[in-house]
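Once you scroll down, you'll see the structures, which are given as structure tokens.
What follows is a pair of complexes built around subunit A, which joins subunit B in one and subunit C in the other.
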Partner chain A sequence: MGAPPTQAALRRLAVTRRIIYLLVAVAVAVPSFCDLGCEFKPSPWVEKIFKKVESLKPGSPILLSFDFDPAAMEELYPMGLALLRHCFQNDLHPILMTHWPGGVGISKQIIEKAAKERDKLPGRDYVFLAFKPGYSNLVLNMGESLQGAFSRDFYNQPTAGMPALEGVRSLKDISLVVGLAAGATTEMWIAYGRDRFGFDLGAGCTAVITPDLYPFLNSGQLIGVLGGLRGAADYEKLVKRADRATKGMQAQSLTHVLIILLILGANAHYLWRRTRPNEKG
Partner chain B sequence: MWYKLTIPLVMCFAMGLVAFVHEFVPHPWAAAFREEMTTWFRIMGGFAMFIGLYALLHLHVTRIRRQQAGWAYSAFVFLGAVLTIGAGVFEEIRAAVRDVPEGAFSPFDWLYDYVQVPCQATIFSILAFFMASAAFRTFRARNVGAALLLVSAVVVMFGRVPISEEVGRMLGAWDTFPRAADWLMEYPNMAVKRAIFLGISLGAISQSLRVLFGIERSYLGGGS
Partner chain C sequence: MLVVLFFAFLAASAAKGRPVGAPDDWWLARLGVVVAAGLTLIMYSFLYRDNPLFKIGENLFVGVALGYGVILTWRQSLRPEIIDPLFVDPPHIHAFWMELARRSAPIVLGILLLTRLSRRASWLSRYSYTIMVGWGAGLGIPVTIHTYVLQQLKPSLGLISKALGDTPAGQQADLWSAALPILGDVIILAGIVSVLFYFFFSVEHKGAGSFVSQLGIWFLMVAFGASFGNTVMGRVSLLIGRMRFLLHDWLGLGP
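Right after this comes the complex of A and B.
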């Protein structure tokens, strides 16, 4: 155990912390006033999901599971919006659901915004199934009967006989599922959905979860991944509609550079102190 | 003690065995059974939400009654719960008694859009400030392992943002940093993650077998 920090050290730490907060605030705010104009190329894992969506014929169903709540909306909202815009652009029939009770409102906002842009109607062009409890059991139920698991949609319309669900009786009739996750639902979709019912599975997730999904990309259990705000910006670029993720990349660029400079500066100071003759690091 | 110990253990073993076996039986009976079971699990999941709500409110009632430190925050939990449940119940009753035109004011949606969304998004966004401060204070090249971690973090952080491609263009190859970041994610990161997942899975299997065979009994409660 080292000696407890002195009052002076604690005061210095508090001041340093405030300066860092101020610097981060400036780094986040600057791109709001001026365009840094950084160009970027979409990652191959994002392109794979884009190409899979492109390969679907008009009228094909695609299941989107928005498993997040407003806490993760800065990363996953633009991702969901870009995906839905792509679906509507190609006249696909998105089926939207969520495993998170707090995700219903945000999912509704996204689908209604994307649908309004293209005059798409619920029931005819898309289905909003909203939330039901059950998690993996719900997925297993959907694998047996989609209409059995969700007898009514969010707007209280019966799902049986719904034009947007024509030819869809269960998950076996859906060729692509994309799960946007702020938790562990991607692994659940792999174990209880993709591996049992044989659909292709794409994932979108917050940046902090992305490293966990690489083993599944390597094994082919995931066709691709949209990782964090960058994944959303990549998808916006592919659908040729720059929006809040693309804008957010500039703030993220500056903030990352700032953090790197802070780390390098702190380490330079640390090494300098260690090499001084009368001080320990 | 047989009804407290033997029956739960037998039930656990029987249900675990049935759940395990029907996965490998392609008979329609097994599919029908699975559908029935998963439906019941979902129904129980619905009730579990009520239990969760009860537990949450009970915890905060206790805090308020004992006036523990920060008990005023517990009062906010009640305020939020009462307002949200009240708004939801009001809307259901309103929809039942008369036709609600499309676009009519919805207090429930208002609470979600203007209270929950900004609060949750703000709290999550504040992480950027804490992370910057924590990275500054804790990332130190104290030894070889820490230095490797530091370099990896810097490469991934830089390679993930568009500015790295601009810097790469100046150096002659735009994808230098993104490729370095991808390499770190696709090889060292993936190998470690796979090892961790395998370890967790083996642990989960052994723990499940211990529960099935009655070796692990802590879920029954009552200590040893």
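Right after this comes the complex of A and C.
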């Protein structure tokens, strides 16, 4: 154990920390005023989800589960919007639900925005099932009967006989499910949904939980992953509609460069101090 | 200092005027943006140092989140699952009794959970917990073994699987495209074995065992690094969102 830091050292540390915060704030703000021209190529895992959606015939159902709340809005809102725009562009029938009670408002906002752009109507072109408690039990229930699990949609219309749900009686009749998650619901969808009912499952998630899903890509339990803001920007690029995720990637890239430089600088400083004869560490 | 900052905030808020053709309730929406901007700045003031405004903002957030949670639970769970089916929707008394029979078990178990609030009656909640744990374990154990163990075995042991001739014909187009997946399989296998060995304490880690254990640490460090890198990316994304809100929605700057 070395000697405790002096008051002067602690003061210097506090000032250094504030300078770093300021630099990060500038790095995030600058791309709002000028285009840095950062180019990126969509990752293969995002392309796989895109191609799977492309392969669905018009009128096919696709289940989207938006399991997040406003805290994860920055990453998952653009992802959900890009996915729904793609669905409506290809005349698919998205069925939207959420396992998070706090996700109802944001899911409604996204689907109504995407639907308005293409003059799509609830019940006829899409279904908004909103929230129902139950988590894994709800998925099992949907695997038995979708109309049994959700007898009415968000707008209080009965799901039985709804044109957008024609031919859909349970999860077995849905070929693709995409879950956007800020928690552990993707793994729940794998365990209780995909492995039991056999549909293809794609995932979109916050950057924090993306590494936890890599093992499921290798095993084929997930067809693809949209990871964080980058995943959303990739999907926006594939649907050829640059929006807030694409704009955010400029700031993201600049901030990453700054953080890498700071790490290299701090390590160089540390090594330089260690090599000085009168100081150790 | 605080007064100066407050007036600077008000001046900045007033700088963005009402756009032409804005709806009548524009001021209401603008008020929401100004309050949100103020609270965002208060929360970020912690980066300078802890202060009373930050404490107020923090407590306000907890209170609002709790109130929002109560309303959501009522609107999304209790009302549609209990109140509406029993007291609003049933067309006749027979339907009421049918619904009550269907829902009585979860309602009773839910009420028993609330007995935790009383020291004398709290033992009743154990019945609910017993069913929850039993149900959860019965449902979860086979699913967990299937999803997290059996399904993961094949890709984890891809090298052995391929050595046993499990690779479909026509996948090995050339040497390079055949070698890369094998290299990946070797790394995955080495990672699994070495990390498992690192947590295997029945044998002393020395000699060759020490090398395998050290390799396990390296794999763990790489995994933690990837996880931390993604966490940084996620947090920066949140900052980008707030910054865009402050610059565009509040101040009206940028394209």
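Methods note: the second predicted complex is superposed on the first by the 277 of 281 C-alpha atoms of A that agree within 3 Å, B and C clash if a C-alpha of one lies under 4 Å from a C-alpha of the other, contacts with A are read in each partner's own complex, and residues count from 1 in each chain.
We take it that contacts are C-beta pairs under 8 Å (C-beta built on N, C-alpha and C of every residue); 3 or more make two chains touch, one makes a residue touch a chain.
The shown structure was predicted, so the numbers you read here are calculated from the model rather than taken from an experiment.
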Touched partner set for A:Val30, first subunit B, second subunit C, both or neither: neither
Which superposed partner A:Ser145 touches (first subunit B, second subunit C, both, neither): first
Which of subunit B and subunit C A:Leu56 touches, first, second, both or neither: neither
First (subunit B), second (subunit C), both or neither touched by A:Ser253: first
Partner chain(s) touched by A:Phe131 [first = subunit B, second = subunit C, both, neither]: second
First (subunit B), second (subunit C), both or neither touched by A:Gly102: both
First (subunit B), second (subunit C), both or neither touched by A:Ala266: first
Touching partner for A:Asn218 - first (subunit B), second (subunit C), both, neither: both
Partner chain in contact with A:Phe40 - subunit B first, subunit C second, else both or neither: first
Touch count on subunit A, higher of subunit B and subunit C: B
On subunit A, positions contacted by subunit B and by subunit C: 21, 24-25, 28, 73-74, 101-102, 132-133, 137, 207, 210-211, 215, 218, 228, 230, 252, 255-256, 259
Subunit A partner contacts - residues on subunit C that touch it in the complex: 47-48, 68-69, 72-73, 76-77, 80-81, 139, 143-144, 146-148, 151-152, 154-155, 188, 223, 226-227, 230-234, 236-241, 243-244, 247-248, 253-255
Subunit A residues within the subunit C interface of the complex: 18, 21, 24-25, 28-29, 32-33, 73-75, 101-102, 104, 130-133, 136-137, 187, 190-192, 195-196, 206-208, 210-211, 215, 218-221, 227-230, 244, 247-248, 251-252, 255-256, 259
Subunit B-facing residues of subunit A, complex: 13, 16-17, 20-21, 23-25, 28, 36, 38-41, 43, 69-74, 101-102, 105-106, 109, 132-135, 137-138, 140-141, 144-145, 148, 207, 210-212, 214-215, 218, 228, 230, 249-250, 252-260, 262-264, 266-267, 270-271, 281
Complex contacts: residues of subunit B adjacent to subunit A: 31, 34-35, 38-39, 41-42, 45-46, 48-49, 109, 112-113, 116-121, 123-125, 128-129, 131-133, 135-137, 139-142, 150, 153-154, 157-158, 160-163, 165-166, 174-175, 178, 182, 185-186, 189-190, 193-194, 197
